[in-house]
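First the structure, which I've put down as structure tokens, then a few questions once you've had a look.
For clarity, chains are labelled A, B, C, D, E and F in written order, and residue numbers in each chain start from 1.
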Amino acid sequence: MRDPDLEELILPDRVHRRVYTDPHLFTLEMERVFRRAWLYVGHDSQIPEPGDYFATRLGSEPVLIVRQRDGGVRALANRCRHKGMQIAPDGARGRTSSFRCGYHGWLYGLDGALRAFPAAAGYKGAPVRAGHGDFGLDQGARVEAYRGFLFARLHKEGPSLAHWLGPLRSSLDNFVDRAPAGAVEVAGGVFRYRHKANWKFFVENTLDLLHPMVVHQSATRPAAALNAEHPDLSEADARAIAMLLPFEASYDFFEDMGQRGAPFGHGEVGNRLSMHSGYDLDKEYWASMVEAYGQDRAKEILAVSRSNSVLYPSIMFKAPVSLVRVVKPVAVDETVIETWHFRLKGAPDALLARNLHYSTLVNSCAGLVGPDDHEAYQRLQSGLAAQASDWVWLARHPGKEAPDAEGARAGPGSSDLVHRTMFAAWRDYMEAA
Amino acid sequence: MSTLESAVTRFLAHEADLLDRQALEEWLALFDPDGLYWIPAAPGQTDPHGHVSLAYESHILRTLRVRRWRNAAALSLQQAPRTVRHLSNLLITETPEDETVRATASVLVAEYAREALQHYHSRTTWTLRPRDGRFSIALKRVDLINCDGALSDILVVL
Amino acid sequence: MSTLESAVTRFLAHEADLLDRQALEEWLALFDPDGLYWIPAAPGQTDPHGHVSLAYESHILRTLRVRRWRNAAALSLQQAPRTVRHLSNLLITETPEDETVRATASVLVAEYAREALQHYHSRTTWTLRPRDGRFSIALKRVDLINCDGALSDILVVL
Amino acid sequence: MSTLESAVTRFLAHEADLLDRQALEEWLALFDPDGLYWIPAAPGQTDPHGHVSLAYESHILRTLRVRRWRNAAALSLQQAPRTVRHLSNLLITETPEDETVRATASVLVAEYAREALQHYHSRTTWTLRPRDGRFSIALKRVDLINCDGALSDILVVL
Amino acid sequence: MRDPDLEELILPDRVHRRVYTDPHLFTLEMERVFRRAWLYVGHDSQIPEPGDYFATRLGSEPVLIVRQRDGGVRALANRCRHKGMQIAPDGARGRTSSFRCGYHGWLYGLDGALRAFPAAAGYKGAPVRAGHGDFGLDQGARVEAYRGFLFARLHKEGPSLAHWLGPLRSSLDNFVDRAPAGAVEVAGGVFRYRHKANWKFFVENTLDLLHPMVVHQSATRPAAALNAEHPDLSEADARAIAMLLPFEASYDFFEDMGQRGAPFGHGEVGNRLSMHSGYDLDKEYWASMVEAYGQDRAKEILAVSRSNSVLYPSIMFKAPVSLVRVVKPVAVDETVIETWHFRLKGAPDALLARNLHYSTLVNSCAGLVGPDDHEAYQRLQSGLAAQASDWVWLARHPGKEAPDAEGARAGPGSSDLVHRTMFAAWRDYMEAA
Amino acid sequence: MRDPDLEELILPDRVHRRVYTDPHLFTLEMERVFRRAWLYVGHDSQIPEPGDYFATRLGSEPVLIVRQRDGGVRALANRCRHKGMQIAPDGARGRTSSFRCGYHGWLYGLDGALRAFPAAAGYKGAPVRAGHGDFGLDQGARVEAYRGFLFARLHKEGPSLAHWLGPLRSSLDNFVDRAPAGAVEVAGGVFRYRHKANWKFFVENTLDLLHPMVVHQSATRPAAALNAEHPDLSEADARAIAMLLPFEASYDFFEDMGQRGAPFGHGEVGNRLSMHSGYDLDKEYWASMVEAYGQDRAKEILAVSRSNSVLYPSIMFKAPVSLVRVVKPVAVDETVIETWHFRLKGAPDALLARNLHYSTLVNSCAGLVGPDDHEAYQRLQSGLAAQASDWVWLARHPGKEAPDAEGARAGPGSSDLVHRTMFAAWRDYMEAA
């Protein structure tokens, strides 16, 4: 595949519109970025028992994520080695002791080894063999977990997950530490939300603190008015309004939230201050936290409010409301975003209910917030097809960055530092031939 | 057709007409003060609190939705979506104990926005309370055929 | 359901059946001699003379349309489009002063031509005159959801 | 609406509800023992023996279809298709000589499978026999608008 | 972009089927023909006041057509210079004092200059600047008007509009002169009609006088029969029939209509004689014309009946029935045709009603005439995908052409002279690298 | 068009996934395989009389298959030589004395010669001429018949039909010999079945005897159960069950069916034994066969039960149940399969009814068998898009083949010999530049 002219596409303070619109670059991204980076695939709690599996995609590659008998996890090729049939439809999940291809009945073990094939005598003299090797489903993909979160990488070589997570390890830690029992589990359903735009718009938008007060006015203005008109809102309504209003916080507030960029393109916004930091603290939850951690440590954990954290390129997670949004690129101009929700073990149901309510309001395709972001992405896609200008600017707060204690570089909340960081990593992935 | 069936049929046609004509404020008035508008996110979903929903809205949130609809800044609504809705296969059960009527129908909402048609198919269930010779809505629950699919924006009231 | 509602429902089902069976000459006979078939080109269009329409047809023009349908030379009709139409959400108002009945319904016309389905969604309004125990059509007005969109050919009677 | 119309409307809504809820075994029980489920492969097809059909099924074959639906090995059904069906434009004729009722309706079956919607439009005709105050199905004939088109899999009962 | 082998595609008496079917040539057309030619964008009356605007496309390029405070008109890029969002959806229109991008609130003046952007301090040290220049919406597109008709050109260099209009200026004049008040205005709504075929089929068809009697028989034969059967038609029905019957006039009649081709690919059919020249003259209208112009000049104006005039590549206009049809190419095999209608100022409402009635009968997607043309275009598209032959013939009436007084070349009505003229211009545009 | 690296795509025991997924290879297939091979177009009985015609495709090329006045058949270009309109829509059929293009009325004879064109004087001096030659519809395509089955080839040069049919001539013979009157005719309607997968999956699947017992279990298991539960099935139900059960015959049974591969990629499975060989023999039919052929010859004819015979690339026919399935490639990942049914002349109606019942059960898009095959094809298409492996294996029964009396090479029923034979021919066609 022909190489792109990367130095013409990625400049220090801007990127060329083709990175969002060129189908050839999208194919290359699937080949280079999405096979070389660790991609989030799910959570331990989705496949607790040996033989538990689900079918998903790593970029464009269909895989089976399977809990092994030894407790490990493998990412097997979801593609029979006989004549090539996809073994399980995308999205399939269940518990099994083997995978049987429904075309001619080839049977694979949980580890991907070809265990048996009907009428085997007919392959006398042919290279077809049971076991691993040319006819097994193991394709050398790596799977590693960090505190229950599963990541996979198709490329055999590369950094360990822990190294790759870098400074954002502490944000994943905070995600899990917020559970009084020190563990989380998938709960409350999944949103799958499709839009006709390049996957990078979503990823970049999640760390863009200059857009909420503009894009989400249509929700925040009525919310503020209703708040003023109804002094006696029900608890649920008051909570909903309180989750919507911060979208129109002041520019200074968003600037103060801060942001940081990290190696491999990761980044996040918010730290002590964020759109979630003003939420009421549930008493029962606080009590369980104090009991689990002691008051000081509990306070410390809850004082961290990193609202949006990106592990580039595949997820944005929100530790304060316990959710992970997963990027599923479909085509250069089509993306599906999955939103997965988590229960903090040991926390009261009311906390889960609040976080799910947040997601219903904000992340639902029929919600009051998401559709306006999506409209923006789709108009970015059509705008960048225009020839009037070739450039997308990432020029904000030039030079305004400083190393932080964990090895990231921090800047003001509205900086494009995080976006420059993403594209530096993107270029690295794309260059490694 | 029984008197009740006729009355429900007429009430639902009236609700549909209000929504198609975007008389959304009048639509709000059809609900009980504590009425709910619910679009589950999973087939057969029973719990609106332990599971996300596509929408789960009280009077205040429905009002917010309608005011957002009227807000010129709403990027996604600048497309001015329109609807025509079709309702059939009505099944009605009366639950005398709480004096409500449960009506379930097949609903197709055709949405037109950005030069494209979208079709939303659901079995929709209304829990209705007789009020002043008509009805008020205690619960409108829209079970979309693809509620757990990879949907794109649902811009309109279903 | 009132006697009137029943009668209108049956009449409209009959009209739909004629159109789906392509009994177009019988369909012509349902109209008053001065009856009109109108598909506005703008939402809420009030004026058929100061604004274009997708169709605005007298008895003569409807007859021309039907004869064209029967004309083997019609290039676009060699595809022999077929329809199935669905009607629901009927609202009826009587206007005693001129002895007409106004019926509005949601109509989905599914068209199949050239291996492809098209869906036409409208609120359609019939102004009906009681005639010999049935009705005759004074005006059939089809308000397509996308009447001002970039439409492709509408080959069939809606 | 006559009592007969009401009864038929309710019965067909009930059948549709069973199919949408995939209560297929209950659906089987709606048929006469010698009842037939027929989807012709040509418009106006009269002969089920001298011409292929998309489906032409006795009680045994319908049962086979339903058991196949329940069979986990069925590759094409692993997609777990769902339906919502819409029924309108009902026309009823009684044929007193054989004590059956013929009901014809426009039916739209919306199918959702593999993240995609399919629409099946038909005029469907039921030949019904009064049985225990309800009806049993002697023949269900589904005339798809595109029965002779290049169709892809029809996975569900129509 | 690779250059096509134009000399193999365009021969003197035929063109290669690829000019209608090759997606690469379509992309080049958007680049070369539709950026270099003056394109019709609308009419003065659509944006009478300062701040009036509408969003449209010049070829594939989204633009905002905006009335300036000084009365001029600009074609601004409809694409924010920040991150590239399309500012207004295609088709949007209204009155405004500025354009605000809905993503981060950058604010542009009516002249396209960047006026303000929120939290501006964050761009200290970055190249982002208010004003025109790299961050304004003015992209150097030219806009000129001729008698109220607005044309725009993306390419900075090129002929003036008046020069480019050439001999067809007199046809536009006739369009406007037909108004007793000497001016026209948009009225009566717009048709937008989509078909799956290359844009050139429509343009060429409008000057093809060998097709109406064949393609439109399905309407004219029943019309003639009904006319014969009903001697006492209502006035409206009689008028409708009278507008349909000329589609099946004799071959001699169409030959006598004449045609002419002009520089830049323009052309037209009809002059003294046309499909409209036999229409009854409304008495009230005639009186108002006489009053406005005097009898001689009025007669002279109304004697001109150029039924179809093409300003290549973007419009066909019909002065005798006061309408303009605009070509909107979408893809190599998809086109939208807009039909815009005009009121002759000072003329009675009945004249507008007649012209709208004509359009309802002929140009509506549910009409009695248009669908058969569209079927032809679509079958041309599928026919030209066949390999059985490579050629589309433009060989009719070879050499039968003579210069006319205005610098055009005239020929018999059924000649392919106009089509040869179009492709000569097409080749010129495509060659200019 | 650039040549593929065929030696890297087609290996002795496997083929590269790109042969099923690469759009460029699909275009080349249409160009090379589908223009050079004899393609089945229909049957004599569809166009019995002079002027009878139908519009179909040869690969992607639209043609008119026309019965000539002398009884011959031509495959004319379905594309007017004037401006290129497709003359008749795909699928059109009827009886005519000429073909008139509906755009400008050019008139062609049944033999494709241009007979007349309106306003002919306008072409004085132009190359347009009546007759054959540059302006006729005859494009040199060949049409030949074998026992009533019509085949056409776009390429002028190549083997005669009889030679090309080779050993499978005897299978076509058996198709027709099964008719007491020694002739068949189209009857009982047509299925047209669309799926989103490459055309070769279908062709290869029809000779794949390792899949039925796996893929069609969902039908055979319930069929067996119902058979056991209901000892008193009606005749029709018993017949249906009896036609379904063989899909789950034993591996040995399928092995014993045997298969053979022939020149030009043809092949078939079954001979004395097949999924149809156990059907009850209708008494009336047997009587008519004995009457027509005598007992010995009748027995001989009916003893042959070649269940699936492929004439590569365009059809699979089933002589025992009198049907032909025709491959219509639409795109690299889209195919329509037509199933045509035949009446054996002189046989009772009950036999036709049985064969149609078979097809309704098995070949209908709403049937109990076909959808599972189609699901397999579609999952092959998605599986082969994966990069986990490049290979589709055709390695079964290596070397297990022996020449048979008719010049084919025979092997065990489950061999991939037939698939290797197909790809050898495919490569030959693709190589011939």
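Assume a residue touches a chain if its C-beta (ideal position, glycine included) is under 8 Å from a C-beta of that chain, and two chains touch if they have at least 3 such contacts.
Remember, predicted model here, so these are calculated numbers, not experimental data.
The set of chains touching subunit A and also touching subunit D is given as B, F.
At the interface between subunit A and subunit F, two copies of one sequence, fewer than half of the residue numbers in use are shared by both copies.
With centres set at the average Cα position, the gap from subunit C to subunit D is 28 Å.
With centres set at the average Cα position, the gap from subunit A to subunit E is 49 Å. Taking each chain's centre as the mean of its C-alpha atoms, subunit C lies 32 Å from subunit E.
Multi-chain contact residues of subunit E (touching two or more other chains) are listed as 89, 102, 215, 376, 379. Residue positions 1, 5, 73, 75, 78-79, 86, 88, 108, 119, 149-150 of subunit B are each in touch with at least two other chains. Arrangement of the chains shown, judged by which pairs touch: an irregular graph that fits none of the line, ring, star or complete shapes. Touching pairs of chains, sorted by label, consist of A-B, A-D, A-E, A-F, B-C, B-D, B-E, C-D, C-E, C-F, D-F, E-F. Put simply, subunit F touches subunit A in their complex at residues 13, 17, 208, 210-211, 213-215, 251, 255, 376, 379-380, 382-389, 391-393, 395-399, 412, 414-415.
Of all the residues in subunit C, the ones that touch subunit F in their complex are 73, 75, 78-79, 114. Those residues of subunit A lying in contact with subunit B across their complex are 187-196, 215, 217-219, 221-223, 225-226, 230, 233-234, 236-237, 240-241, 244, 336, 339, 341, 349, 352-353, 356-357, 359-361, 363-368, 370-372, 374-376, 379.
Put simply, subunit B touches subunit D in their complex at residues 1-2, 5, 43, 86, 88-91, 104, 106, 108, 119, 121-123, 145-146, 149-150.
Those residues of subunit E whose C-beta lies close enough to touch subunit A in the complex are 60-62, 77-87, 89, 102-105, 118-119, 122-128, 137, 139.
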